[in-house]
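Just below sit the structures, each encoded as structure tokens.
Both complexes shown next keep subunit A, but they swap its partner, so subunit B is in the first and subunit C is in the second.
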Partner chain A sequence: MKKNFKLLTIASAITLGVGLSGSVKADAVGIADIVGDQASTDDIVSYGLGPRGQRYSPLAIINKDNIKNLFPVWSFSFGGEKQRGQESQPLIKDGVMYVTGSYSRMWAIDIATGDELWQYDARLPEGILPCCDVVNRGAAILGDKVFFGTLDAKIVALDAKTGKVVWRKKIADFEAGYSYTAAPLIVPTDAHGPLLITGNSGGEFGVVGEVQARNPETGDLVWTRPVIEGHMGTMNGVETTMTGTANESWPGDMWKNGGGAPWLGGTYDPTSKLAYFGTGNPAPWNSYLRPGDNKWTSSRIAINPENGEIEWGFQTTPHDGWDYDGVNEFVAFDMEKDGKTIQAGATADRNGFFYVLDRNNGDFISAKPFVKNITWAKGIDENGRPIWDPENRPGNPAESADGKKGKSIFAVPSFLGGKNWMPMAYSQDTSMFYIPSNEWGMDIWNEPVTYKKGAAYLGAGFTITPIFDDYIGSLKAMDPATGEIKWEYKNKAPLWGGVLTTAGGLVFTGTPEGYIKAFDDETGEELWKFQTGTGIVSSPITWEQDGEQYLTIVTGWGGAVPLWGGEVAKFVSYLNQGGSVWTFKIPKQLASK
Partner chain B sequence: MKLLASAIALCTALLSFVVQARPLDEVTDSGIITVFVYKDYAPYSWKDENGEPTGIDVDIARHFAKSLDVEVRFLVRGADENVDDDLRVNLWKGDLIHRKFADVMMHVPYDKELDVRNEFIALMAPYFLEEMAVVTNVAQMPVLETFGRFLNKPIAVEVDTAGDFFLSNAFRGKLHQSIRRGRTFADVIDQYIKEEVPAAMGSKAQTEWIAHKATGIESKIFQPPMPGIVRKSWPVGIGIKHDSRDLGYALADVLTELVESGELEKISAKYGVSFQAPEY
Partner chain C sequence: MRHSKSGRSLRNCCFVLLLSISAMAGAYELPADPLESVMWENMAKRFFPGEVVIDQRVIVRAPLDAEDQMQVPITVDATQLENVVEIIALADLNPIPHILTLHPVRAQPFVGFRVKLEQSTPIRVGVRTSDGVWHVNGVNVGAAGGGCTAPALAHGNNDWYKTLGQTRAVTRRESVDLARLSLRMRHPMDTGLAAGIPVFYMSKVEVKSADGVALANLDLFEPISENPTLTIKPLVSDGITELLVYARDTEGNEFEFPLAVPATVDN
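Entry: the complex of A and B
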């Protein structure tokens, strides 16, 4: 590789000035690079190894035969006193890795040496109450800037070379309960040029889910699209259209505070030219207070990035009563079925079902369970609606106002989901999805009296229970055309990290026990593992540099799982925190063997 | 994103956390007492236009400091999903980001079960009796015998509060079309003052505060039957760390003095609130 550009070493208040040991070529990232990211193997300039989020790499330098020779090249510690969950997927461009960490931090690292180039620490104000750990899931890159969201619901553009702030904008008001943890999405448009798209997050009552598109150069808002019926979208600050019809699936004024935060961010498909977002659970959690489907909560929606209009929506859990916070990613893929190629998309929902939809119009194609013993629904009907089991809907707390503990129900999956945030992967070689899932259920009962903000209140108690004695985590290979599960790898602790698959016939994922593992994509046989010293809850990446294939995983135990106790604590209580980046390759002296 | 989760606190605590005791002598030696009060919680606690904490709970806390001869610092934060979470975040474990917590938390319901299931804290010194009530604009709603009146008249309430929960469930959901939920209590006051609603619901002290603020409106407080309400009244006290009880006793003495001297009644009256001593 020609090395014709030397990056400058620049020190600033937030830069721990360290020079590059080598010199590398640097071209600014263009929108075409992002759209074509999956095919190009020498960079990773999008979350999901391509905007579709297939997490498939065409690299085969590392394969089933030589993976035994995969060894660490370097490890990089995030340092500081702050650890907790590391859920980030790094980006790679021109010999530099951009990686985010817990507490809204970001680093640029020289890939050749593992040396730090710069560090950015967001100054987090008082009063942020993130519900489910202080994670960040990754950055976006375009031109000479890298972008990431911070826990105080802001989005920051940094100079990729120096880590200095170019602009900083508010997504929402953290004092009203909003936050931000997802990787932003960058998509092309004819009308506006490239747009930087984010959702929002916040579990508190009163939050309204919204997707926002910005000009990446300035951070200025271009359009906004609330996901709850009755709210108005905007374009350049002017109201455009209403999302759905007010009160169609919500009673009274409840739509004003309806929830549905699309907190996991989105994917984009270059053929349909649609951006797909999953939306969170409705508020309040007590479903008896909000009769109706409560659109578009616990749904997948497809947005036309040209105008911010919702092209279609598909609700996986209408009238959610279990906290099946269906933000799960929607992954576009072409499905061969009955001799035809279907422009499909798939999503493995928190509610335990794996859905295949027509990605152009949202038409329902199929839904199959990907976890065992689902109880909340008896199945999914031919229109894609759940066949509820009324016995397994949590009871109305108002009925326990007599001071007695209300009835308890057992629902599978638990509210942490058949699959939570961790992204699955799709192999273009095997045509299979590799789904990181968990086998657990929850008991929910009404609490006679609890208190909120100093006042007596009716709530619910719950506890999460594993379904099986010896494992919770389950990595499954599923054929999307048939719903057949081809193989399963069982893991004692719940799986909480993303998956990567490659043309080398490999499936990679990390475990809370600290291992990064590689499996045979056809059989599920475990071919390789490495102990990183702390739990893994992030998504691996792979790329090529100077003819060698690299693998990187961010490590650091945390996320939502350790916040919940009960029976699950036994599976995870001994795990230690950390915060590092591990990078692997096959050493040159072994590469030819 | 999350269900009510009182179970969370205990588990994390038992695994990895040791509570830092702050008994009385440490507080007096340090010269500072840190008091948690809720934000946006008039008339008990809120920040005024200058950002200064104000309200009944704030005034009480200033008496604590005076009595111990220390400086008072306020930790002002919003409410989490439930009081169990608030106790964890504000009193013994701290928030995830800055790890800050207070020596004493104001306005904690004095309830044995709440005390028992939060083993790292102790509840003490009930100083106020909370009740649920409705304030009406007399010109528009001179009397209020039952909540049936809100089948066709709007009523404002802060979203996701005890009042909201009661109204949403009342008459099997028949009041849904009449509930005007404010995102904050200030929104509720605003609706009432602008006469967009003839009534608002909250704790009795809150409804009295609304009447106090709505100077141009003749208001009246009602407490009609509330079928299905969890508690029509309950005492509130203070929370402290379980291993700092002597601090709690010292503050309980201050509260007793405030109640017996009539000072708490005077403080309450400043905010238009009729003080009600809790039954012990």
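Entry: the complex of A and C
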């Protein structure tokens, strides 16, 4: 007791010092907090538990030995009639949780009690066009504001204390098919101070992918960078440089509605000072209408946040014909290989291959399959380009007898990908990536299509089929240096939630069947599970508060699988919707056991 | 007379403040409610802290019975009072009672508006003068049920957002130094009580002179009718020939437009 009192005195003296200097507000999130988020265990102020997106926590209070004692503390219902998919990763700051939900809603929750502090519901127009469920993946936080994007392609800044709108800006025109679902990214710059960076969504409607950077205080645009070759970037409203060279890898006018939406947001590496965004597939799906590589679709691009210029790009699926978006997160990590430390980054692509690149210049290092029976390519060559199998690209409808439907082929992975939006995790202890993947293929054929504003711009038909009778979902531990898969956990329904790993030797993920599960990071042995009552398609977090380690997962079945599932339906059709936050810790009386 | 009160030293002010906190409960006796509302004590405690008097100089005009409970016209005229700093209008028996607050910085203590009523209710107005006293008066308005929990008419239209903030306005010069401004802005004014429709309303209207001097500041709340209709009387004695109106809703949409004040008096 006496000891605690002494500590308190010191703490208040420090606060006073800060107050006198007059520069820092004790309760506000600074840009240094975001950059250093991974190391600080008492808050989560970025998407991915640190801007690199490793989803690794150095906490080990909960570990392999005591996880059996992990129990729920509280559950919070999103309420209302609006359920559907809940893909959100919450943020944590000063005992408050900020969590987003379906239909562009956000809540602030008192972690100690589970009580609601405020709720914000975006007033959405009736005509929104989200392709793949009404999800939101999370917020960003800086200063006294929290930020999140809404389904009508707006970005909103809310007062973190009250939930009231501070400003609200348009990212793009929702009536043309744009929307927004990703968590925004906040990065430091020398030239502009912290910037709030967003991509956009709408790949199924022939939109043009673009990355935008804003002043978080005002919401004013600082720079924009279209990801499709031929379009012009801007700085402070003035045109700067063209992305790529017009018509280098696109024919005619096809680049004008070329797709490539960076709909999953981005990551940032404090060492390279680059922001990494993945880009969606080219539009339309029918690849015969757009001969060429179609840059920068289905790519990873590294953007210098100082000026919005693309430093490098790496195309995982040039001239895509299978809807293999290249949006999946690019996670910076240091790789030990042949006695050297390589400043690397890794990404598990929709196309089924796990790529390791040099994160400073985008040089290709390796690509290994992380799902089984890939058919669209025979492999990846030494330059990182796919070795296509011409038999497994859907046929040209122009070559069919009536010109209406091209030859149908069976491609693995399916268009929902070897891995979709759900983020993987990288353990600094095991040096392994834990990849939530799915084993499925698709019958796909091409049809003629022309662009019409606000209408689906596909030119393809498709249906998904599981590859194995007994499971689709597959959580894999992969060694990025060798491409070896160390262990695999098989799940009947497709996995659609993110992964978290901790210094406690644990790997957490949720399943559509409703379980939040913990695995041994070395062996894959299932150590713990809890049934939350509805499917899980979100990313777990863990943090420390008052000396205890907490775990939180958002629950609520939905996402793209029930909308596009095809033959998969029998694996998932019985799953029920929901919408809750579940928070766990080890009760005090069990903590020492 | 009031000047002497405001001329107290800071120390005295603090002393009085302390005293009033310690004696808050018993300091002022609440007068009986001429409208005999079951909510009177609750409303007075919540919205009119301090001394309250019932004052016939606060004139509240409203229909005896609302023909349309979604659009009930109300006029508040407190021009017989001097040194008015704040006007609060309430509907006691609405699920959300607070209708609006007006700070008539350089305007007459006068406001016209339309309100949604959930059921028959007192329309109650408190007018705070610079001495801190609340002058309260009101009228009972009969209404059929359902004004606040029904969706706005705008929801018959899928493209209501395209006309958001569109405004019709007229400005007259009532006398040499007084203007009368009436405006109607397109806005659904969603209360958040209709199923599945989040709260979304015009929350702030500010009237300024062309060079930015505040004339009247209005905070609007959920009960204000769809497409808010307001009448305000700004003072234009300082050669003001143009007004600026700024409005903002709860989603951060902002609207701003100028309004010319005619040079000649015309009622």
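Couple of notes before you dig in:
Methods note: the second predicted complex is superposed on the first by the 542 of 593 C-alpha atoms of A that agree within 3 Å, B and C clash if a C-alpha of one lies under 4 Å from a C-alpha of the other, contacts with A are read in each partner's own complex, and residues count from 1 in each chain.
The definition used in the following text is that contacts are C-beta pairs under 8 Å (C-beta built on N, C-alpha and C of every residue); 3 or more make two chains touch, one makes a residue touch a chain.
Because the structure is predicted, anything quoted here is derived from the model rather than measured.
Contact comparison for subunit A: of subunit B and subunit C, B touches the greater number of residues.
Of the two partner chains, subunit C is the only one touched by A:Val156; subunit B is not.
In the superposition on chain A, contact of A:Leu563 is made with subunit B only, not with subunit C. In the superposed pair of complexes, A:Glu447 makes contact with subunit B only, with no contact to subunit C.
Touch criterion not met for A:Phe370: it reaches neither subunit B nor subunit C.
In the superposition on chain A, A:Trp167 makes contact with subunit C only, not with subunit B. Residue contacts after overlaying the shared chain place A:Glu126 against subunit B and subunit C alike. In the superposition on chain A, contact of A:Gly206 is made with subunit B only, not with subunit C.
When the two complexes are laid over each other on chain A, subunit A has residues 126-127 in contact with both subunit B and subunit C.
Of all the residues in subunit B, the ones that touch subunit A in their complex are 1-8, 10-12, 15, 38, 41, 44, 77-84, 86, 89, 95-98, 100, 107-109, 111, 113-114, 130, 159-163, 165, 168-169, 173, 176-181, 183, 203, 228-231, 234, 236. Within the complex formed with subunit A, the residues of subunit C that make contact are 158-161, 190, 192, 195-200, 250-253. Contact residues on subunit A toward subunit C in their complex (touch as defined above): 80-82, 121-123, 125-127, 156, 164-168. Contacts from subunit A toward subunit B in the complex involve residues 84, 103, 124, 126-134, 151, 175-177, 201-206, 251-254, 256-257, 261, 263, 280-281, 283-285, 288-289, 291, 323, 325, 396, 398, 401, 415, 444, 447-463, 562-566, 569, 573.
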